[in-house]
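Note that the chains take the letters A, B, C and D in the order they are written out, and that residue 1 is the start of every chain.
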Amino acid sequence: MSKIAHDQYREGVAGRADVADTPELLSYYEELEKFETGALWTVANKIEPWQPKSASVPVLWRYRDLREHVLRSVALVTPEKAGRRVIYLNNPGRRDVSAAVGWLYSGLQVMHPGELASAHAHSASALRFIMEGRGAYTIVDGHKMTLGANDFVLTPNGTWHEHGVSDDGTPCIWQDGLDIPLVNAMEAGFYVVHPELNQAVTHPVDDSTATWAAPALRPHDGKWNKAYSPLFKYEWAPTYESLLRYAKVTDGSPFDGILMNYVNPLNGGPVMPTMGASMQLLRPGEHTQAHRHTGSFLYQVAKGSGFSVINGKRLDWYERDIFCVPSWAFHEHANASATEDACLFCFNDMPVMNALGLYREEALADNGGRQAVLA
Amino acid sequence: MSKIAHDQYREGVAGRADVADTPELLSYYEELEKFETGALWTVANKIEPWQPKSASVPVLWRYRDLREHVLRSVALVTPEKAGRRVIYLNNPGRRDVSAAVGWLYSGLQVMHPGELASAHAHSASALRFIMEGRGAYTIVDGHKMTLGANDFVLTPNGTWHEHGVSDDGTPCIWQDGLDIPLVNAMEAGFYVVHPELNQAVTHPVDDSTATWAAPALRPHDGKWNKAYSPLFKYEWAPTYESLLRYAKVTDGSPFDGILMNYVNPLNGGPVMPTMGASMQLLRPGEHTQAHRHTGSFLYQVAKGSGFSVINGKRLDWYERDIFCVPSWAFHEHANASATEDACLFCFNDMPVMNALGLYREEALADNGGRQAVLA
Amino acid sequence: MSKIAHDQYREGVAGRADVADTPELLSYYEELEKFETGALWTVANKIEPWQPKSASVPVLWRYRDLREHVLRSVALVTPEKAGRRVIYLNNPGRRDVSAAVGWLYSGLQVMHPGELASAHAHSASALRFIMEGRGAYTIVDGHKMTLGANDFVLTPNGTWHEHGVSDDGTPCIWQDGLDIPLVNAMEAGFYVVHPELNQAVTHPVDDSTATWAAPALRPHDGKWNKAYSPLFKYEWAPTYESLLRYAKVTDGSPFDGILMNYVNPLNGGPVMPTMGASMQLLRPGEHTQAHRHTGSFLYQVAKGSGFSVINGKRLDWYERDIFCVPSWAFHEHANASATEDACLFCFNDMPVMNALGLYREEALADNGGRQAVLA
Amino acid sequence: MSKIAHDQYREGVAGRADVADTPELLSYYEELEKFETGALWTVANKIEPWQPKSASVPVLWRYRDLREHVLRSVALVTPEKAGRRVIYLNNPGRRDVSAAVGWLYSGLQVMHPGELASAHAHSASALRFIMEGRGAYTIVDGHKMTLGANDFVLTPNGTWHEHGVSDDGTPCIWQDGLDIPLVNAMEAGFYVVHPELNQAVTHPVDDSTATWAAPALRPHDGKWNKAYSPLFKYEWAPTYESLLRYAKVTDGSPFDGILMNYVNPLNGGPVMPTMGASMQLLRPGEHTQAHRHTGSFLYQVAKGSGFSVINGKRLDWYERDIFCVPSWAFHEHANASATEDACLFCFNDMPVMNALGLYREEALADNGGRQAVLA
């Protein structure tokens, strides 16, 4: 048979496709192709796998490797020419879609004091997590937010937004997270540059946080009908304090230690319809059990040091390092310090998994819940 | 005609009932009564009024009047005999249902150090607002909460709950708020005494607040499927701080100044299905515009002094005073100080009004939005 | 002691109030009254009963008794003078609020061919269930609905509505159901007569049913943001057919046989925020088990005959009879025919019970789930 | 420069990336790759397009072309070996993921009388639309549904399901629709064969429809807590009748004529979290206006004949033909008959677009809303 084989996915299991090529069938397959069709049994086992096998691979991006390259971009390109001065994280398994993991994009952006990028809006949802520097700010639909290290800020789908660093600031670096690959995959990406290149600040500075970040209090006249959180900035100090406070009254999760999700204060749901985010505290000496679940996760070390084991691969991390956990990969986390806590910021596509009914989770049963680490 | 008149509600307006009694009609009415019926037109104008006229009257309960009587109850009755040592607020228009306003009950309770009331559960929902003393606590379904002045605590419908004051505390007074009259009116009141008279504390002290009061953060593993808030205690310090913070970025409401609702952190909704609560700050010198709306409201002065005008009646209030605003009564509030802010705690039946689709609101159009004060 | 006794509600049970009057206490109580207050323990056991005791009593309104009186009203009053020609059902325990049961009003209305009542709107929600006659119609916010026997139609809170009978019709009688007593109790009743006394029909006749009554199909462009159902008319033929169809695949409820709720097709919820409605089929010879629950229920016999036992009182009913089940009253239903089914229309305040978290239910454990019938 | 060009996506527009390659930059890019990173400005314009450009192309699959090939598969493979005897629709732009359009899979399946496929469950959601034959049935979690032409049936995510044709039936062909490509893209696909290869029928036949397809009536005891509709079968007769009934009271949509969505009767929402479905009627002679929107759509002609113009390409269709509309493609539909109506069944990923906040729509402004048809 000189024709292309169509039976490479056969499985000898009841209920699975197991059809061997024959000359007659190969002719039949050739005929089907003329009508833009095919025989399901030739691909069924391929497109209906027993369980997910992520295209993404576990990667650790060390800040000590990236920082100098990020800073060097300042000399190489202007914000005007580059649009954004960003070094993006390019997962070896996802280079075709420029993703850091799954359908999530991420990059490290740098701006110098006095710089201000142009405003735009897009269908992609975005978030930033501040890594270093003083004076950074973001403007979202006229709301200006001042930002410091470990602050977390949203620029949701469809909002006008722009970033800058004040004249009296220092060079600032932050991590961007976007669902660009997902939105492209969904064939739903739109992009608009602000007609005046920059927008006016139309509300008191940091009004979003002053209005919506109160603990279980809501403005009586607060009106909001968007699908994303009205709270755009989540500050580090109250976040860390909340973790410490919660840690005193809970045993925590066997898989994640002390884990809290950033939420939309109006409904307790995720901050945006496509991306969720969390901050997690590993207590001194804590080493969690391994589990795996659907969804793609990107972590930044906000505090401390330790390691994670992801599908048997050990990644040692330090403050500001970034690493990813692909879908259905076993993972466990450990705090390397016996005296200090460690904190991991994370963003992920859990809202997508939940909205589409695709979340599934499994604890590692073997070996006391700890993975064997690959050499 | 010797029979009872049936035409006392006639109105000479098109679309309204306007039937004069005749001997024939009176005989007819008499006949109808035999079958447990009546003629609608004899009562239509009564039962379908043009607008609400509350049975409740505006009342100011001065703490300086009540405090000594509340304290005196300690010598007069034991918690064992009294069940609860409470002086309740008895609106002159609602004595038949022992309500402070509308269908809301309220009272002032006192306990001495070392005292502990028995635990019970009931269909009524309850809340407490602490007025004075150290060492008060409440236990709700095994969660113990320590309480200080201006703390706000929930004991929702169906929960086991009990109150006490620790041995090293001081005499404590707080305001209770319940929907007992509403639940009775709905013919849905059940009451159970705890089989062991007191319940065990099964969670870390103040775990509810440590778990659920974080600003826009939610425990990843936090499970909750009740109709009421999982957060049972709302502390004064972060509440007051939130008001101050919000005041800096808002013009506030023309009718209420800086007004924030206590909410269920999971959904931004009211704390319980039948009662809502809020804390409100009147800025120095602020005197709000008058408006009226459906729903019954009971206020306690948490801080400062001032006055409110309710349906033309001026009530001058000081810290710890309590006053009510009946349904559809015009009301405006004023802070008497030009330098200090004033804070009003309030609980109300807004969740009922909203759930039943009965909320309606109207600003006072005349006189620049200020009522004429009755002599 | 010449003073009024305050200890008539004492109970010798731990956790309940049990304070005997003394001269000192009576003086104290007198003092409290001066400040519009009272001692909780004097009323606690009264206002916190162990379980509900409805003020309403079970009543059967026989259509053979009422029909002639309803028809006689035509000669006695004009629609112009009476507003509505209605004989209302006056529960002996609820005469103060003109209710048929609990907080629900109901009456029988009659109109002759060519008559048309004036349009109005009110905060009360209303429904109609057609008993006899041809040519009846209702107009709700410009939507005209033609009505036949056993059709069920809504005129929700705030809608302009009016009723009439076409020139070529016959005298029509229907049952009205409203939450007037509830809305008055909530002090939220508003009433407006239509400025032109009658409204225009602005949509195709019966468009509501053609648009929203499709089985599990919804207009793609159907917009709706009201708290009540967009479907205003529920026709008898498909309702009865649905019951028969469902009866073939279910065992039914031990307490209610084949019971289906009329719902808002957009959310599967109740037709209006304050009143729910259902149609129920008792199979030939069916005699249900007794249970009791909170909420007030008013039934009309849409088809067949049988009896119900309500708190031990047997009520024998025939087509068009109406009877009520008060809150927390045990009730069971029986179809008197061994060959024909029987159908009961019902409307109730279940949406209120559910929204306020006050629903509770209990099966009768004794006597095989059947009540002893009182002599 | 011998290195690979990195500046192929430059745009000379303010706010877009416009960086020309230089030797220094090319070295820098090379360096970045070592750390699994890249410079955003080299790909920004590619991954942030101005608007979506679907990878799918408009395709018409003619039933007269496919039918014989589908039938021929019966002789070529057994259900046991093939798992399913299905010819799938393979969009030329989506061959890598075996999709008919976007992330949606579809195929035509044939079964002979007496055949029964094995039961399985998977993370993918599935639906079937019956094209021809008598005796087809589907079993979902123990609920057996009998199926005729134009009936629509669900086999949601995670349910055990299997298809068969009764012994006294005729050869049956239906269209399958699944979100397999989407679930694979989300890396969330699981597949399980039923441990006993076939499941028992545990409920009365067609109980799902008898229970949940009533018009605006819901079983009082109906319990359901799944994310998908409890109604699994939507029958053709009442669907067509509903369209005819609705057509009498609406002008219809300028873009779609008379369009109704199949919904979850409990919440009016889509039938499954990832796929929606609709039936649409084009009135005699109707030719709609063109519009475009995000989301991928696959149509089957359930009745009549006509044509659609999709991004300028005219596709003439007859009963049982299938065609697709890719995301953001302009499309308009025309009924070729001046006397008969035409009906289009459609399934799509609108629930995904809506859940993720990615739906956007635009009418064609030019040429009276009609596209120029390409030669």
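In this section, a residue touches a chain if its C-beta (ideal position, glycine included) is under 8 Å from a C-beta of that chain, and two chains touch if they have at least 3 such contacts.
Because the structure is a prediction, the values reported are computed rather than measured.
Trainee: Among the remaining chains, which ones contact both subunit B and subunit C?
Mentor: The common neighbours do not exist; no chain touches both.
Trainee: Just grab the chain with the largest centre-to-centre distance to subunit B, centres being mean Cα coordinates.
Mentor: D
Trainee: Using the average of all C-alpha atoms in each chain as its centre, how far is it in Å between subunit C and subunit D?
Mentor: Centre separation, subunit C to subunit D: 45 Å.
Trainee: Calculate how many whole Å lie between the centre of subunit B and the centre of subunit D, each centre taken as the average of the chain's C-alpha atoms.
Mentor: 53
Trainee: Compute the distance, rounded to whole Å, between the mean C-alpha positions of subunit A and subunit D.
Mentor: 29
Trainee: Can you pull out the residues of subunit B that are in contact with at least two other chains?
Mentor: Within subunit B, no residue contacts more than one other chain.
Trainee: Classify the inter-chain contact topology: is it line, ring, star, complete, or other?
Mentor: Here the contact pattern is a ring, one closed loop where every chain has two partners.
Trainee: Let me make sure I understand the interfaces: which chain pairs count as touching?
Mentor: Result of the pairwise touch check is A-B, A-D, B-C, C-D.
Trainee: In the complex of these two chains, what residues of subunit D are touching subunit A?
Mentor: Its residues touching subunit A are 13-19, 24-25, 28, 31-33, 35-41, 43-44, 47-55, 59, 61-62, 65-66, 69, 72-73, 76-77, 80-92, 97-98, 102-103, 105, 107, 118-120, 122-125, 157-158, 180-191, 193-194, 197, 227-228, 272-274, 294-296, 326-328, 352-353, 355-360.
Trainee: In the complex of these two chains, what residues of subunit D are touching subunit C?
Mentor: Its residues touching subunit C are 203-204, 206-207, 210-221, 229, 231, 234, 238-239, 242, 245-246, 248-250, 253, 256, 259-268, 278-279.
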